[in-house]
Amino acid sequence: MNKIFPDARSALAGILKDGMTLMAGGFGLCGIPQILIAAIRDLKVKDLTVISNNAGVDGAGLGLLLETRQIRKMISSYVGENKLFERQYLSGELELEFNPQGTLAERIRAGGAGIPAFFTKTGVGTIIADGKELREFDGATYVMERGLVADVSIIHAYKSDTEGNLVYRKTARNFSPMMATAGKVTVAEVEHLVAAGEIDPDAVHTPGIFVQRIVHTPNAAKLIEQRTTRPRIAA
Amino acid sequence: MNKIFPDARSALAGILKDGMTLMAGGFGLCGIPQILIAAIRDLKVKDLTVISNNAGVDGAGLGLLLETRQIRKMISSYVGENKLFERQYLSGELELEFNPQGTLAERIRAGGAGIPAFFTKTGVGTIIADGKELREFDGATYVMERGLVADVSIIHAYKSDTEGNLVYRKTARNFSPMMATAGKVTVAEVEHLVAAGEIDPDAVHTPGIFVQRIVHTPNAAKLIEQRTTRPRIAA
Amino acid sequence: MAWTRDQMAARAAKELRDGFYVNLGIGIPTLVSNFIPPSMNVHLQSENGMLGMGPFPLEGEEDADLINAGKQTITELATTSYFTSADSFGMIRGGHIDLAILGAMEVTERGDLANWMIPGKMVKGMGGAMDLVAGVKRVVAVMEHTAKGQPKLLQKCTLPLTGTAVIDLVITDLAVFSIDKVGGGGMTLIELADGVTLDEIKDKTEANFKVAQDLKSKAA
Amino acid sequence: MAWTRDQMAARAAKELRDGFYVNLGIGIPTLVSNFIPPSMNVHLQSENGMLGMGPFPLEGEEDADLINAGKQTITELATTSYFTSADSFGMIRGGHIDLAILGAMEVTERGDLANWMIPGKMVKGMGGAMDLVAGVKRVVAVMEHTAKGQPKLLQKCTLPLTGTAVIDLVITDLAVFSIDKVGGGGMTLIELADGVTLDEIKDKTEANFKVAQDLKSKAA
């Protein structure tokens, strides 16, 4: 079973269809699968429901799929950085479902772990709980949230072996490990591809069972959204 | 804030009391906090409710606390290896609550993550679901299970830094990472103690926030329950 | 001639496919790993928290930190990864394991399974069995056809259940049955051990079963 | 004299204790890290998946894989660990973070908070704010006392809520209030900025509040 595909387009072949649900890893522009997003743009699949913490920025990340109007609905926690998003949303072209960030992360984990629903305190008493079941446990009120799954998950990892065992780097990890578990098919773009046995088995973040397709993207530039620095103090 | 204690007894001082709930990591005798268990025996706290996948064997692991009759109730998935357990259970001295292994692991994770209840397919239609709420999601039936927390969790780790960032080794990881999150106080016995910065931050299994007390136990012998080997083929 | 334990394991191994992630129970299911074709890439999961389980270690190379769900010392492979028990059962419950092969005390014609508890005897616990049968995509039971002369393939389990409508295939020492657990189409006899007759199976089976078309022609 | 942003951050820093695990929001809360006493060991959490957040990097040393929840480039420390967003919010929801300091649009006398949405304006989303206020042990709001002359400390929020009965302490540019969110004991004025009078606070606050005993004697 060879999981390695020569490029993003072939790694996505046969698994995309109009109206599908897609999960895309990343937080802001950190750890996003940008090569796979660009390939989805080129493959022109449309009416997508996309589950991703953010919606990219104008011209980068999921912003690419907004430009081409391939996204019908977003499930996110924060979309503040994207003017195009705002225009499409206000014009009614784009549907939007907000989830608190922790609820979104947990819904994805639950979906991947066979848990159809769970209770959380987050959002009780706010519009997030409207229409959802409330229940008391030990004197506190909780809201029931449902697990989420996707037809396809696309993620970015720092390193993969040929089995699909993945390692992420620093805060680029974020939502990707849960999305790998919640996609019927998970496609990973990886900066480094190594032979089986070259990753310490105690240090694997995502076991290969969750990764069906791998594409090696060694030289993709990484984008920084808020370049923030402190001054060098003269010696 | 110094988290390092000179020995197991001092690491447990002031946090044990009769009738408390204790979580103990390990699967069989693999990855059990045996030095801490021995110290709890010596400290003579009693009427314990112990949450642990197994109950040790005669003379080792939680078997030590069965000998001294310090355990009133066990919440476990499998207790087959312990004759003393059997005698105390059949005589009515010991209460026992069986949980399917995956349900037990998930209940502990939920407790540590602020999730009071979740739904699972495991155990539906069996005595495990008796008296519990059943519910349909998308045409399948699920049973509601509750999160678990403990007054104190005791765990074993391979390595810790002075901040309590932990790394486990191979299958000795098992239940310990979830128990670390579900204990009001978590005490870790560790084979190797290193300075902060010596563990790759991408390879930390349990962040230090979950570990309140650390005791360095470098030379504890590890026990093997089922020594199984294959023959050497003559060259 | 009834199948030996090895023959039953070899028959179970025919359910494996290249690339499968598989969980093997204790007993005859453990023997299945001896019959994986060398050309086939099969990943064994151990529910205590490991994927890519290797063979038993050479004597003197046992590692107390490396055991399978039966608490036996094992080894790792180049493909191995370790994870928590919560993640392991997330994998199982979430339907990511392709196949589980496990032992059984009783199986019914609708796929109910009992394999963890005998009333009156000391209960050891279900371990991960209930999670495995509830979560794994395809579940194969391997067992003796009868116990002390009594059928183990029943219309209804007499022992406490491990799961309801969970078994897809039953391999006994005498025959192989498929079960349509999802569609409710009942149990079908699909293979006989060499020299075993349909009459013998009928005699030793309490469960109702159909006989597969191609088996009928062979048996005729 | 109203407090400056730095003075508000310095006041908020007084809520820190040695060994605390703390989450700081965007804006004035971010400045709090400049006022941590050097003798004090405080761990900053970033909810995207990091504990032990260091300062902004030197120019040229930015790492695209290392950002905080405000998407700013940051650095790591010797104590740092990384984890998934699910584990990060498990940490938050499970009550493991000692203190959160965050910005606010409106706070009520019973501790309700609105800080994520202004109807009629484009909604950016709540990010992790709802999880933080629901899960963190102690929550401090830092905000201007009024907005365009209108009180922000209210009897009832006019904006959509982030959480109900979630705020323990409010630090404005004019004063500090404690809120008994669990006991339902309402809001109490406990400090005034230098030169600010009780009358000014009464004038600029819609919420009902008591005045702390020791403040009364000082103000008298």
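Order of writing sets the labels: A, B, C and D. Residues in every chain begin at 1.
The criterion applied here is as follows: a contact is a pair of C-beta atoms (placed from the backbone, for glycine too) under 8 Å apart; a residue touches a chain by one contact, two chains touch by 3 or more.
In this text, all values refer to a predicted model and were calculated from it rather than measured experimentally.
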{"item": "Pair exhibiting more inter-chain C-beta contacts, B-D or A-D", "value": "A-D"}
{"item": "Whole-Å gap between the CA centroids of chain A and chain B", "value": "33"}
{"item": "Between chain B and chain D, centroid-to-centroid distance (C-alpha), Å", "value": "36"}
{"item": "Distance from chain D to chain A - Cα centre to Cα centre, in angstrom", "value": "29"}
{"item": "CA centroid of chain C to CA centroid of chain D, Å", "value": "55"}
{"item": "Multi-chain contact sites of chain B, meaning residues that touch two or more partners", "value": "106, 109, 113-115, 120-121, 168-170, 173, 201-202"}
{"item": "Overlap residues in chain D, where contacts from two or more other chains coincide", "value": "76, 82-83, 89-90, 92-93, 135"}
{"item": "Overall pattern in which the protein chains touch one another (line/ring/star/complete/other)", "value": "other"}
{"item": "Chain-chain contacts as defined at top", "value": "A-B, A-C, A-D, B-C, B-D"}
{"item": "Chain A-facing residues of chain B, complex", "value": "106, 110, 113-121, 135, 137-138, 140, 142, 146, 167-170, 173, 200-203, 205"}
{"item": "Touching residues on chain B, where the partner in the complex is chain D", "value": "1, 109, 111-115, 161, 163, 165, 181, 195-197, 201-202, 204, 207-210"}
{"item": "Chain A-touching residues of chain C, taken from the complex the two chains share", "value": "18-19, 21, 41, 43, 45, 51-52, 76-83, 87, 89-97, 135"}
{"item": "Of chain B, residues touching chain C in the complex", "value": "27-31, 53, 76-81, 86, 89-90, 98, 100-103, 105-106, 108-109, 120-128, 158, 168-178, 222-232"}
{"item": "Residue numbers on chain C that touch chain B, as the complex places them", "value": "46-50, 55-59, 61-68, 70-74, 76, 82-86, 88-90, 92-93, 112, 122-131, 134-135, 160-164"}
